[in-house]
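Can you read through this structure? Questions will come right after.
When the chains are written out, they are named A, B, C, D and E in that same order, and each has its own residue count from 1.
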Amino acid sequence: MTEYVVLSSILFTIGAVGVLVRRNAIVVFMCVELMLNASNLALVAFAKQHGNLEGQVAAFFVMVVAAAEVVVGLAIIMTIFRSRRSASVDDASLLKF
Amino acid sequence: MDYIKPTLEYAELSPLFIVFGVAIVGVVVEAFVARQRRHVVQVALASAGVVGALVATVIVGINLDEVGGGAGRGFVGAEGSIVVDGPAVYLWGLVLVAALAGVALFSERRLEAGVPAFAGQAAALPGSEGEREASTAGLAHSEVYPLVMFAVGGMMLFPASGDLLTMFVALEVLSLPLYLLCGLARRRRLLSQEAALKYFLLGAFSSGFFLYGVALVYGYAGSMDLGAIHDSVVAGTGNRVLLLLGIAMLSVGLLFKVGAVPFQAWTPDVYQGAPTAVTAFMSAATKIAAFGALLRLYYVAFGANRWDWQPMLWVVAILTMLLGAVLACVQSDVKRMLAYSAIAHTGFLLTGVLGVRAATDLTDDQVTSLQAVLFYLTTYGIASVGAFAVVTLVRDTNGEAPSFSRWTGLGKRSPVVAGVFAFFLLSMAGIPLTAGFIGKWAVFTVAMSAGAWPVVLVAIAASIISVYFYIRYIRLMFFTDPAPDQVVATVGTPSLFTSVTIGLCALVTLVLGIVPGPVLELCAQVGDFVR
Amino acid sequence: MLTTLILVPLVGAVLIAFLPAASARSIALGVAAGTLGLGVATAVLFDVGKGMQLTEQVSWIESFGVHYALGVDGLGLLMVLLTVVITPVVMLAGWHEGDESPRSYYAWMLALEALSLAVFCATDVFLFYVVFEATLIPAYFLIGGFGKEGRGAAAMKFLMFQLAGGLVLLASVIGLYVVSAQQGAPSYLLSDLEKLDISTEAGRWLFLGFFIAFAIKAPLFPVHTWLADTTEKATPGVSVMLVCVLDKIGTFGMLRFCLGIFPEASQWATPVVVTLAVISIIYGALVAIAQDDVLRLIGLTSLSHFGFITLGIFVFSTQGSSGAILYMVNHGIGTAALFLVAGYLIRRRGTTLISQMGGLEKATPILAGMTLIAGLATLGLPGLSPFVSEFLVLLAAFDYAWWVGIAAVTGIVLAAIYVLWMYQRIFTGPGHEPVVTGDAHGHGAPSGAGTKTKTATRTEVEVEVIPDATPREILAVAPLLVALVVFGFFPQPLLDISNPYAENLLRNQVGVQDDPPQVGDVEHSYASGEGH
Amino acid sequence: MQAFGRDTWWVVGLKVLLIFLILVLLTLFNIWWERRVVARMQHRIGPNVNGPFGLLQSLADGAKLMFKEDILPKAADKVVFILAPILAVIPAFVTFSVIPFGPEVNFFGQRTPLQLTDMPMAVLFVMAIASIGIYGIVLGGWSSGSTYSLLGGLRSSAQMISYEVAMGLSLVSVFLYAGSMSTSEIVAAQDDLWFGLILIPSFVIYTISMVGETNRAPFDLPEAEGELVGGFHTEYSSIKFALFFLAEYVNMATVSALATTLFLGGWHAPFWIDEFWAGANQGYWPVLWFFGKVLFFIFGFIWLRGSLPRMRYDQFMALGWKILIPISLVWTLAVATLRVARTEGWLEGDNVPVVIGVAAVLVLALFFFGGSDKAAAAADVDAAARPGGFPTPPMPAGGAVRGAAAPLVFDSPARVSTVAGEEA
Amino acid sequence: MDLYTPVLVLAALAAIFAIGSIATSAFVIGPRRYNRAKLDSYECGIEPTPQPVGGGRFPVKYYIIAMLFIVFDIEIIFLYPWAVNFDAMAVFGLVEMVLFVATVFVAYAYVWRRGGLDWD
């Protein structure tokens, strides 16, 4: 079991780091999805470990949520992209302190 | 396979059903009603739905029966995934009130000369031909009403969720529509889109953390049910590392939603970029919902190992208050200022959350932390809705004029609006005879009773600082005369809904400041969370 | 009774806010007069020598154990009387102060009066705190809305100081809640809190909170800096309300709460407090001497006076306390008179700078006379009421420690200097042209103008130009002056009101046993010409 | 189910090998058969040189392709370009691992089902793997670095996912009846009545969407020579091209086998033969029935190709999204309702009229729903909310019949008017 | 033996076949006579239009189709277990699924009306 958890944590870390270091909104977004899927892996692994289905059901719902997030996220990023001709989060800098 | 038929308490969950139902009907309306009539239909539908849900909530709240020897009222429904208890119902009421105000503000069409404050066609490029056509045709996205209803549904589900999965789903259901709403401003579209992007990316990021926290806690407890988690925490079985990491990650998700340091970065940008009506709605409603969930999570699931997370909250609360207050002093944009003050208020609320104590070392007629936080949420929510609503009125040639200099001498030009705004600011500053004062009083009291006096002292320091930037605006509006060549904003004439909203907010703030007794009693009556 | 007393001006304020501006002043005067009447009635209903009276008590917020509880004792009554007297006088005297926007001016004035009355009547700490903070709002708008250039900043400074104090107080009040909650049902009633037994540790912390707040309110040495600026920028009338009514809340609070609830802690803190008091006395006086702005000067004199009052309070003798209470009244009357008269002069000269005035004696004998009386009162000339209180405080001070007494006396000497010198600079000596034939107060007085006209030789004509006090002005200030003289010779009635309170306070709370001061002591001092 | 996962290693190895061989041979045979049948339909003869009846023709073609030059266009993304055909082939084969060829038989002394393996969600597994195959096509099209390939790949992926939805929805009612998603159990559930007979709509929808899923005529838009040359494999040559070809035909076989399994009773003997000959469903006979049914479907494919013109892309998408999906959704719910009605006994006696009434109302409502849709869709052409779209002339009243087809019917005034309307 | 091992074996066989055949034809038996024209991408003989890096951008239309596909695929994902378990849930299951499908249908109708399904 632990291997899966470790793997999921690694994936999660990759995703988190990716969000922090990558600049392209789409890539950042994909990293977020990676985090979600890492969580899914952990959920399923724990479900197996505890021998109940909650984790797997959760994974289902997470997929749904992830899908919804994809839709919304792509929509937003596309709009920005079309109005900026660039998907870099660095260019999104009108709002500053 | 042995299979138990699940059951749903349709009657008790009716508020949720009404809200979601109205949202879906709203989508149908979008699909099949002619464009000219959509706006009216949607407004009517949404407000009717909210009011209906409010009525249902009240009925449900009245009929809640006591459990655990009067410790709490309510029950765990929907196969354990939704908890309908006192606090939940109270928060439903709050969210719905905020939603009502939100719908009222959304429906504003008079300030923009007949069109709402939402983009004519979000997909058209800013400054492009398509956009011009859309705005000349008087188009507007009336989808905002279904969206806001979905968000409201999520916000009601969030604090009422009985297991982590429901909580996560609710979190997303409330977030996603907000992301979109933020991007729909008619004016300053690039700002608005950018706000949406930032909100979305950071929000998704934090929800990823939340989810992983869910996974870890599930790994620790072997169940997502908050009650079960509490039991296994008490039992102390399982791998504590998982538990602690899980708590930390869940906290990341929730603290992001409430906009606490160090996850506050999105707040000012989003508050500034989003259409002000949306800002008004979400500044109040999101905080209410998120704090409801925060309280449930910490009190119900992790109440037993308070000592693990309380130190963390101490630090977070202190940082939040100080940073919010200090940065608010240097803002030159009223929406940003309000955003940072919102951060500071988050800190104060967290101070109240810190005040949680075991029921044993609590004499019965004492203020409980839950009560204090609920009351504070009430007062802050109303004041903030009102304040942002006023911001929508102050305009110059190109739409709203949130920049500091524009507000110079507003008190001379339109004393009433300026006075109301000043009143809201005073309430946020916690000056006596306003609701904000009682709220501050309550949270400070519980925190100090719980022995968190250092936090309270910092909180008081923060309030002194925050008084400064609130008063700064009052002084600007009343005692400063604009330079002869200076461009200043004027107050547009709002529609009836908007003005009524503002008026009611002001009235409630005043009344709660003078006779807070009843509401405080209500907050006490709702009792504790039900496991 | 007390509720009506508070409500009348409050309702008046609301009315004015909504009625046409033209009628504002008259309504305000009427309301203020009515309040005065009610105040007198209160005094009549009050029977001397009994404790808290005319009490009202309604439960307000159960969950905090907060009540809406009112009541007056000797101290409270005197303060109430002071307030109800001063307010109409100020309105009468500062006739044109609110001309810019009469409605807000008079509305805020009445609101201020109402809230101050509430403060003096409150017998529930929470209620006290609420109104205590609430007074700041009208005060802020009065300072920031009227007066001369830079008032905005001054108002800001004032508010920040006060709120800082207020929030520190908040901490202590919450602390009180915690303590009382630990000992059963939480309650904020003064009567309950006095019975509370607070651990030394906690007591001292809470006391600190209260004391700092009150020290800021009644400016005491380190935290007085807002005072001078405020009084300088604000109109004389507003300054009167601030210094003579609002600031009394500080000393009032020290008596009622610091001594009342934390006697042990108060005694523990005495040395420091007394030192601060002494410093304020001397420092205030010295700085006052150096001032050229008359309003600023008067403001700083009050710093010195508040030093006296605090001193009287914290030497823990009935003499001292009673003297201090008396002092609060007298200082109220005297300083008010001084401010208002100064206001008249400023309106005439169009400047607040002493160096711009001078030689007014011949032109305005009546004004000169009034100034003289008020000034002499301020420096505590025997035969004027402040002397009595000052003297009592001095006696108490000498009993406490000789060096304190000496310091206090020095303060009086300095007082003599600044009063007389001011009088001399304003009324005697060469005069100057009127810089502005003043209409609206304040906004004139370009500071450069003074230096420009300094060398101008005085001519009869110009001095003739300056009119003497109008009947209205005389009518306004007269009562104060009369009171100064009357109470100077017959202080007994005041003492009768203040003594029982002081005795009771010291005996029951602090546990000091001594006999209250009688007029006898003072007579004796007249005979032996002791003092000055 | 418990029969599976207990084979010894050599049995598994043998089964794997057999499936592989069967698929390859089946492909070769199908190609030959298709060419023959189409030729016959077009009054030609078709391949008849190599081997008896030209049976070895496709083998020869394969061999020829092996010896052709293997070109890597320089615009191509090398790695992906090579990876794509592999990615297309593997899933095609793998999907067959859960197809039941027959019952438990004596397999060289071992009792084992004629099926490589099975799992509780076998059908889901099939669809999952099949959709991996789509990657092969998309990546192939994208990596070629040619506009034709790109568009072809996009098109094929778009149409595959569009029809995968319809396909998936049509399967729901099958699971509803079978109460399981394991292929063997579904087959077992059909031994008295084939789902193809009781769930005709599902069957029809599945058959349509399986044609779309495999990019076969009349839905072979990805390789519409007229517009896209070779579609996604324009740039592919030699064996890579052959692999794509192989994958396509294997997919054909797969979807046919799945159709057989889900709707035509799998390996059960057709026409109730087993009623009078019990042996028909034992031993290796079922394999015969199974392949008979599969080949029937394959023939269907060929027949369609031989007889139907290619659809226009928008019609094709409209068919998928606006007709198949709603119908299958409604049908699914209807099936569920009926099933509940039977178990709950709503259909007894006096309830029947009520039920019929409700059904009628529902149908009518649905009718109006759809009607309002079309009317509005026509009215909504101004469509403010149509991002990125560019204006297109409205469809002529004659629907698909336009342009060159119209003059054929000038005797009918109505048509003439529509034509005029079109030119206007 | 696990249920999935045979699948892997089959996959491995297929992979070996595919890779092997590619390798043989490319490096062993296939001729290699390159020239520039051969390596150009085929555009009916005209000079190939230069490709933007990464294959350029896809029309928005495809994104919409992809999103719709996601939505409906998710729906299917929920329909399958429901169908398998249907008999156990009976009426409750039916009601819930009707609600669910109706919800999805609303979104579907919205997309339809907004031209999301028209391929222009």
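Things to note:
Throughout what follows, a contact is a pair of C-beta atoms (placed from the backbone, for glycine too) under 8 Å apart; a residue touches a chain by one contact, two chains touch by 3 or more.
Keep in mind the model is a prediction, meaning the values are calculated, not measured.
Remark: the per-chain Cα centre closest to the mean position of all protein Cα atoms belongs to B. Put simply, the chain farthest from chain D by mean CA position is C. Between B-C and A-E, more C-beta contact pairs join the chains of B-C. Farthest from chain A, judged by the mean position of CA atoms in each chain, is C. The centroid of the Cα atoms in chain A and the matching centroid in chain D are 33 Å apart. The geometric centre of chain B is 50 Å away from that of chain D, both derived from CA atoms.
Centroid to centroid, with C-alpha atoms defining each point, chain A and chain E lie 21 Å apart. Separating the centre of chain A from that of chain B, both taken as means of CA atoms, is a distance of 25 Å.
Multi-chain contact residues of chain D (touching two or more other chains) are listed as 376, 385, 387-388.
Within chain A, contacts with two or more other chains are made by no residue at all. Contact with two or more other chains is made by residues 32, 123 of chain B.
Partner chain A is touched in their complex by these residues of chain B: 122-123, 125-126, 165, 168-169, 172, 176, 179-180, 183, 189-191, 193-198, 200-201, 204-205, 207-209, 211-212, 214-216, 218-219, 222-224, 268-269, 272-273, 327. Put simply, chain A touches chain E in their complex at residues 60, 63-64, 67, 70-71, 74, 78.
Interface residues of chain E facing chain B in the complex, by the touch rule stated above, are 85, 88-90, 92, 102-103, 106-107, 109-110, 112-114.
By the touch criterion stated above, chain A contacts chain B in their complex at residues 5, 8, 12, 15-16, 19, 25, 28-29, 32, 35-36, 38-39, 42-43, 45-47, 49-50, 52, 54-55, 57-58, 61-62, 65, 68-69, 72-73, 75-77, 79-80, 82-84, 89, 92, 94-95, 97. Chain D meets chain E in the complex at residues 4-9, 12-13, 15-17, 19-20, 65-76, 82, 85-86, 89-90, 92-94, 96-97, 116-119, 121, 124, 142-150, 154, 158, 161-162, 164-165, 168-169, 171-173, 175-176, 179-181, 229, 234-235, 238-240, 242-243, 313-314, 317-318, 321-322, 325-326, 329, 332-333, 336-337, 339-340, 343-344, 369, 373, 376-377, 380, 383, 385-392.
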